[in-house]
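Naming follows writing order (A, B and C), and every chain is counted from residue 1.
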Amino acid sequence: MMDDMVGLAAVSLLGVLEQAYFSLQVIYARRKFSVSPPRTSGPPEFDRVFRAQANCAEYFPIFITVLWTSGVFFSPGDEGTQLCGLLYLYGRFRYFCGYSQSAQGRLAPLYFSAQVLWVLIGFSSLGVVFSFCRVYLRVDPIQVVWSALPLV
Amino acid sequence: MMDDMVGLAAVSLLGVLEQAYFSLQVIYARRKFSVSPPRTSGPPEFDRVFRAQANCAEYFPIFITVLWTSGVFFSPGDEGTQLCGLLYLYGRFRYFCGYSQSAQGRLAPLYFSAQVLWVLIGFSSLGVVFSFCRVYLRVDPIQVVWSALPLV
Amino acid sequence: MMDDMVGLAAVSLLGVLEQAYFSLQVIYARRKFSVSPPRTSGPPEFDRVFRAQANCAEYFPIFITVLWTSGVFFSPGDEGTQLCGLLYLYGRFRYFCGYSQSAQGRLAPLYFSAQVLWVLIGFSSLGVVFSFCRVYLRVDPIQVVWSALPLV
């Protein structure tokens, strides 16, 4: 079990490094636009960087929860989960860069990363439902579908 | 072990869906009250929705941490943990709706969900202390209490 | 495996209690400086307490992710991970107290807790790389280094 989780741990760690990068960008923007803590607003350029980081930080625990639920419980999709994880982090990176440039620039990557998150939520839901069937109904839905296929 | 965790995963996933719902409400409120990003304040109606979502998002990782610590380490309370998880999410839903209506309306469900969180923290603490006794002192506190009961 | 995790669960729980303490301080500051929700700014004394709590809350899921990745995957450093976890929480406590007093007072403990977080990120990275080698290359880097030592 531990072995399967190395990929999930690697994606999580990449997510942590991305958040660290975003936090550093806020520190640089604070210096550049002279917005010292505890203030959280300044010129629009600063506000965009600050809000981009805050939004990514807010979604980080949701992403980690869904990534691991999908990776652990939706076993047919191990590579799918890890790929979605990487795509989400890529989408968030483009969101951060786009939002730093203009409020409009955040939209396309925001929709993209939201879609990837919904795929992970779908994987997790399937994984949880399948596991419930296995544990409480003693039926393996994947095997049922698989054994019904030749009939089609 | 994995089997016991399906319930925890289901509650976590429900929590993720709840957060997604709250985020959508903020997007609708932004449109309704014309508060475009990166701005985070507007009329009090908007501010309440925004703060309700921010507060729930802030507590989400704390909730997930305590839910899993309680569920994994406080084994006599598997159903208790899952029930508390559901109650917490219900409390947060009522908190969000109440806060959206008035600042006063957030108070009762806030106290309720805080109390449920403290129960989960209590379960987690018991679970960690019991596990410490088992692993490092080689004593099972539950068995000790159980075997002492007939003497009473 | 579960046994090794008791220490990690204990540190996580301590982190949850610390966050609960910070949240209570914000509630007291709201009463003291008459800043009722949904407002999030007031006199500088309040702003500092509010931002100190917000910053700690933002880093909490990152801390939990790195703590568990390090603790689960970097096995030679079990005690090291737990010690770093405790040092981080201690640093965050001093950060909160320092920031409550003055913006300048947050800096030293902030750098300290950032350094501890980087150590945990380093441990996690080593753990993930080592596990990749074991799982996919069937090579145990620690054993390789160990068996090469007498040659030096």
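Criterion: a residue touches a chain if its C-beta (ideal position, glycine included) is under 8 Å from a C-beta of that chain, and two chains touch if they have at least 3 such contacts.
Here the structure is a predicted model, which means the values were calculated and not measured.
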Message = Looking only at residue numbers at the chain A/chain C interface, is the share used by both copies over half or under half? Answer same or different.
response = different
Query = Once chain A is fitted to chain B on CA atoms, what angle does the rotation have, in steps of 5 degrees?
reply = 120
Ask   = If you average the CA atoms of chain A and of chain C, how many Å lie between those two points?
value = 20
Note = Where chain A touches two or more other chains at once, the residues are 61
Key: Contacting residues of chain A [partner chain C, same complex]   = 2-3, 5-6, 9-10, 12-13, 15-17, 19-20, 36-40, 54, 57, 60-61, 64
Touch list for chain B against partner chain C, complex = 1, 44, 47-48, 50-51, 58, 61-62, 65-66, 69, 72-73, 99, 103, 106, 121, 124-125, 127-128, 131-132, 134-135
